[in-house]
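One chain, chain A, appears in both complexes that follow, with chain B as partner in the first and chain C in the second.
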Partner chain A sequence: MIADVARISRLRGNRSLNLLPSKALGASVVLIILVPLFGVFAGGFLSPHNLVNIALQSSILLLIALPMTLVILTEGLDLSSGALLSLCGVVLALLLVAGYSIPAATLAAMAVGLLFGILNGFCVANLGMPPFVVTLGTLGMAQGLALALADGNAVSGLGPEIEAFSAFRFFGLPVLVLIAIAAYGIFHLVLYRTTFGRYVIAVGGNAEALRLSGVSVRLVHGAVYAISGATAGFAALCMIARTNAGHPTIALGMEFDAIAAVVLGGTSFERGNGWLFGTVLGVLAIGVLRNGLNLIGVDTSLQLVAIGALVIAVLLVERLASERSA
Partner chain B sequence: MLEESGSEGPVGIGSGVAGPDIGVLSAARADTPRPMMVLNGVSKSFGQMQALSQVDLEIYAGEVHVLLGENGAGKSTLIKTLAGIYAPDAGEILLDGNRLALGGPSDARRAGISVIHQELALVPHLTVEENIVLGREPRFLIPGSIDRRVQRETARRALELVGFDGDPRGKVANLTTARQQLVEIAKALAHRSRILVMDEPTASISERDATNLHAIIGDLKRRGVAIVFISHRMREVFELADRVTVLRDGRKILTTLPDATTPELLIKAMVGRSVGSFYQRLERFVAGEVILETRALCSAAGLVDMNIVVRSGEIVGLAGLVGSGRTEFARAVFGLDRRTGGDVLLHQLPLPSDPVRAVRSGIAFVPESRKEHGLALTKSVCDNLTLPALWKIFPHGFRSRRRAAGVARGLIERLRIATRSTRQPVRTLSGGNQQKVVIGKWLPIEGNRRLIIIDEPTRGIDVGAKAEILKLIEGLAAEGCGILMISSELPEVVGFCDRVYVLQSGTVRGELSGAHLTEEAIMKLAVHHDS
Partner chain C sequence: MTETTEMPAIRTFRSDAGAPLDPELRSIIARFVVLAVLCAGVALLNENFLSVANFTNVLRQASLLFLIAAGATLVIIAGAIDLSVGAILTLSACVAAGVIHATGSSGLGIATALAIGISAGLANGILVAGLRLPPFLVTYGMLWILSGGALYYMGGIPITGFPREFRFLGSGFLLGIPVPILIMIATALAGSVVLHMTTVGQQMVMMGANRAAATLAGIPVRRNLICVYVASGACAGLAAVVALGRVNSADPGMGDPLLLPSIAAILVGGTSLFGGTGTLLGTALGALLLTIVLNAMNLLTIGSAWQPFATGIVLVGAMLADAFLNRRRS
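After this line comes the complex of A and B, so read on.
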């Protein structure tokens, strides 16, 4: 049956939408095993309310994981996106409290994210610094700024507009889910239908080939981090809508979940080998895992252990599989 | 096409001139067809090394021009100059009679010059079509978008020219090397290249794929594409070439027609240099018992049935072209590459594939690239000299600085390493002294009849230091060590080694010693004659 799917998608010639689960082995296995398991053992897991909850939770993570996929395709890493999300959330909340409109405050938050992203991109692409260290540095900066700006507390009292925004539904779909779907569409188009997307894959795959083709590798490489920063700024709007406040540590460690989702989704850290839709599956897998473990009473710290172990297990299986085929 | 056009075709100044006495002559052509590209006195040096000096070359439309030369003869530098990667220090490049200023690879591309390097420049996880249009994607309405129909059509036409039979919408990563090569050629053609430079394209593909490639090259020739081709397979050279140019030590030695020469003459032109100032052995030692013996050794890195014997007091050379498996053999013996078959016997006992065991059994491995694999550059002379022997000098695991410095001082004196103190960072030493450190660090692991593997010991160091290094190696042989020396310097191999194995394609092609050990004999075995 899988072979049929493969054949059909080949006939259609649509490779980027190839839904073969083998590409995102980790995420597929987690979803296929965990959904029925939690359905039986975790009370209320399959209730409409809970499923909406998972979708809302996942939509924010997806906004961080999509640009993370691009970064990882360039054989890089962005550790700062969680902290940036917190910082942008605080900025956004402060501006809303000060009476600015939602669009203006969101643009300002995105500008803050973009600035940090450009800093990351410049250091990695132009100065050749290791992404791990650079984004660890900006993680510290963004987290510290978030705490300082919010004075250590949540910024609340954001006014009625944001509540109206978060309550908005279209055909029964909450606005955050709509945003997440739209974001996936945009990233899909950018990655698979534009020259920029191709160059992103080429930066990780064979930067020399790209350079020899007369493309500015630095610009593409740096832009990926800038996009990651700006998207974190936009994700702050969703975060604020969901929590109705700007918490300076709300997204602490979200980069961990995002990286785990990308890996579970079948994107590898080598040679620009990735699959954007796999990231969606990865995000859902993480969402299901966390939500289900919550319901059966496993606390947050042990959830981290589970996700971490899962990521390593997936990498291990991939390594063994690639050794066998080599 | 050109051959048929009689007097207008590529004609030598007369077959008489291109006879057995091949000095510095070049096959001139009748004046009518103007060369597509002309190199006039192109020179390029890197620091002290003159990589190219005064090279003249003419390339005509519709010809296959083969470049020959041993390792380091300047072929790669010449190619990179054509590709715009290196700017020549002197001389000029003319294309259609106009001076060409190549500021970078994209300038060369624009001028219609495409280079297919041995490491293919393709993006593995893009499709064949996407790779072909990379950097020149056809635009669809707005900038940054891609017209996939035009892309498909462009790719299809280019792929047709090279007879590519794979899936144009499959990822390049899933293709064989031969097919990837075709994709690269198609990419060059899609960019309207008029000059196609190929660096040993048949070195890593099968015989059948090579035949296919030859057919495609013939086809491109008929379309008027000029092809510059590097190869070490003699049969291929004579099958394909319209003209052959031999480079040696960065100079053009000759350009000739294949009909006017023989493989023997070409090999002579490749190696024939004056042997004079080279280090002469002080004495030859009587070879003692067998230290290393490999039986049908195969490795994951491509060795096939390697049978090699090294005896005590013997200096054994491993010769061969780059990629023939010399370093891979050393790595397989030392346990760095996975062995896939055969046995390695050290002093008649099986040696497991494990670098730790190799070191403890007294094997020393001096790698080819001292800066990358041989030295901790920022660390001191003392730290480097004691590193492989720390377990021997400090068997209990506690390091005494004074004891280490004592060992280092002894070695500095013995090897006459020019350093201010034991604490000087090795990065600040000269190349020759660095090389002494890389060899010297193995000496504290004492022992009789050790196996010492040295990869390119005299590369990049000056003549005086060369002699000292070779003398040091000879001294180790005198003590009863067995020396396995990998070297690309043919005069050095011939003058210095007792016995030489010549490798080609990962296996031993021949063993030479005594009067049979000559540069010509080595080259004859090292290049592909048959298949």
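After this line comes the complex of A and C, so read on.
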């Protein structure tokens, strides 16, 4: 019943119910516990320099996690986005080295991402293939292409323009953070203020009703993957700006952080329940977790274990809660 | 690559009156034909391909791939998925390597690998079947937990050099045949017997074809799901022992490149991702086919960076072929 009210209110664009923090319980709990904890125990955690660092890291992750939220809303999964980000980064870097301008190279990278996204979307939406296997296949293709194109090494020597781009600030906010905020704005408008966004929510919630009302469910469903691919292409620009090189394996596994962020943010794999701002909280939670654990010297390997355990714990709590309310 | 027959949802229970050939048999024959054509093609391009040394090598590689895919095949037939097999192999191999170096006992090492595989499978099974969490997300989360655990355990330093008797399972010969190939045949036979000739096996097929009907028919769906996940973990543990014996070294990245090929081998082998159909012989042929493709790329000196690309193409291609030829789902 409550879920129905929430769904209807979301479809009407009424966000009052969606702002309930309980929807992003995982992310909220992690942030509320970890921020003070790291503030006390991790030296330099609350320093401005470190906070900017977290924001920069989180902004790239957010660019992957926002489209991932849409994909998960349709009860799907995009395992290829980390590998796609790497591949698009290599393409972007190669084009910059070849002398193309930043906008032209970015558009080309986005086109590469879009092509892979369309392949994913076609297989999932038109052929009814399980998304995690389709995107596992394209993950392999993108990873192989990235390694082959870059010949296994980082592509560097990108010229002064990209350095000027990454150094750009507006009111003290780094350009990557501005991009992330703008991207959130766009995704928010698309999801909550357009017909397409309502269809996306309905694909996961009730695809049959959508089909009966004459909407091309396949097109909407496939478009979500295409958006995910194109956004990964754009995120490559941010990654290049941050690292000043196109590395063929740099973002492998980033899709896991993105999926974890979406799950922590309260978007459920069942029935298309989701909350886009929860994904922002989830991304921040992952960013804080990784950064704080780095500062207190916890190995990257244990960070993986922690995030994996966190995801399963959130799923477990959701399952128990839904069983109680049922 | 794929046959064009229409398969009923639960073809195992059909008496095959009227059908000229069992669809499962046809599918296997079709794969043998593809395999033969592929072998002939590669042999024409490179004369080394059919040499005994190269072919033994191919079979050995395929046997490792088959072992890791065998249990996952059962999971998929039963209507779920296991994305954690590569990571289970990694953790089993790393900890077993540590145990062997600490105690010097090969038996203890094998037991460790199997125990870790079985416990990881049990954890997957309990989370998926007992607590009804989404299988792909649980096993994907488990993938990172296990590989993170392996990375931490190894601390960045590989463990190399194992006793001769331990390496026997991975690189030894019995009656002139490499032991991994014998293990592959034994696993395929045992798995096929369970799948096709026991009640539990038939129940797995049924619950993969229609979970709701299977539950209503009183099949212990949850128990069987836990069983297939445990089998998948045990297979990955066994594969870890074979892999350790073969490469004589354990490192925390050894299982990562195996996940994609193992799923590809299962798909190429004709197992439906939607559950309810599939054979272990098909997976063995799929593993062999994929290994031959990768081996041919090596022989033709195509850079190893293209291998994940080719594997991805094979996986997506197999799915597309399946979708266009079968059109079982609208």
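The criterion applied here is as follows: the second predicted complex is superposed on the first by the 309 of 326 C-alpha atoms of A that agree within 3 Å, B and C clash if a C-alpha of one lies under 4 Å from a C-alpha of the other, contacts with A are read in each partner's own complex, and residues count from 1 in each chain.
Following the convention adopted for this analysis, a contact is a pair of C-beta atoms (placed from the backbone, for glycine too) under 8 Å apart; a residue touches a chain by one contact, two chains touch by 3 or more.
Keep in mind that what you see is a predicted model, and the values were worked out from it rather than measured.
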Contacts for A:212 in the overlay, against chain B (first) and chain C (second): which applies, first, second, both or neither? first
Can A:144 be said to touch chain B (first), chain C (second), both, or neither? second
First, second, both or neither for A:274, with chain B first and chain C second: first
Chain C versus chain B, contacts on chain A by residue: C
When the two structures are overlaid on chain A, which partner does A:195 contact: first (chain B), second (chain C), both, or neither? first
Does chain B (first) or chain C (second) touch A:307, or do both, or does neither? second
Look at A:169 in the shared chain and tell me whether it touches chain B only, chain C only, both, or neither; answer first, second, both or neither. neither
Shared chain A surface residues [contacts with chain B and with chain C]: none
Once bound in the complex, which stretches of chain A touch chain B? 13, 15, 193-196, 198, 201-202, 205-206, 208-215, 271-274
Sites on chain C touched by chain A in the complex: 81, 83, 127, 131-134, 136-138, 140-145, 147-152, 252, 259-260, 263-264, 267, 273-274, 303, 305-313, 315-316, 319-320, 323, 329-330
For chain B, which residues are in contact with chain A within the complex? 105-106, 109, 121-127, 130-131, 134-137, 144-146, 169, 173
Residue set of chain A touching chain C in the complex reads 77, 79, 119, 123, 127-130, 132-134, 136-145, 147-148, 151-152, 253, 256, 259, 263, 269-270, 299-305, 307-309, 311-312, 315-316, 319
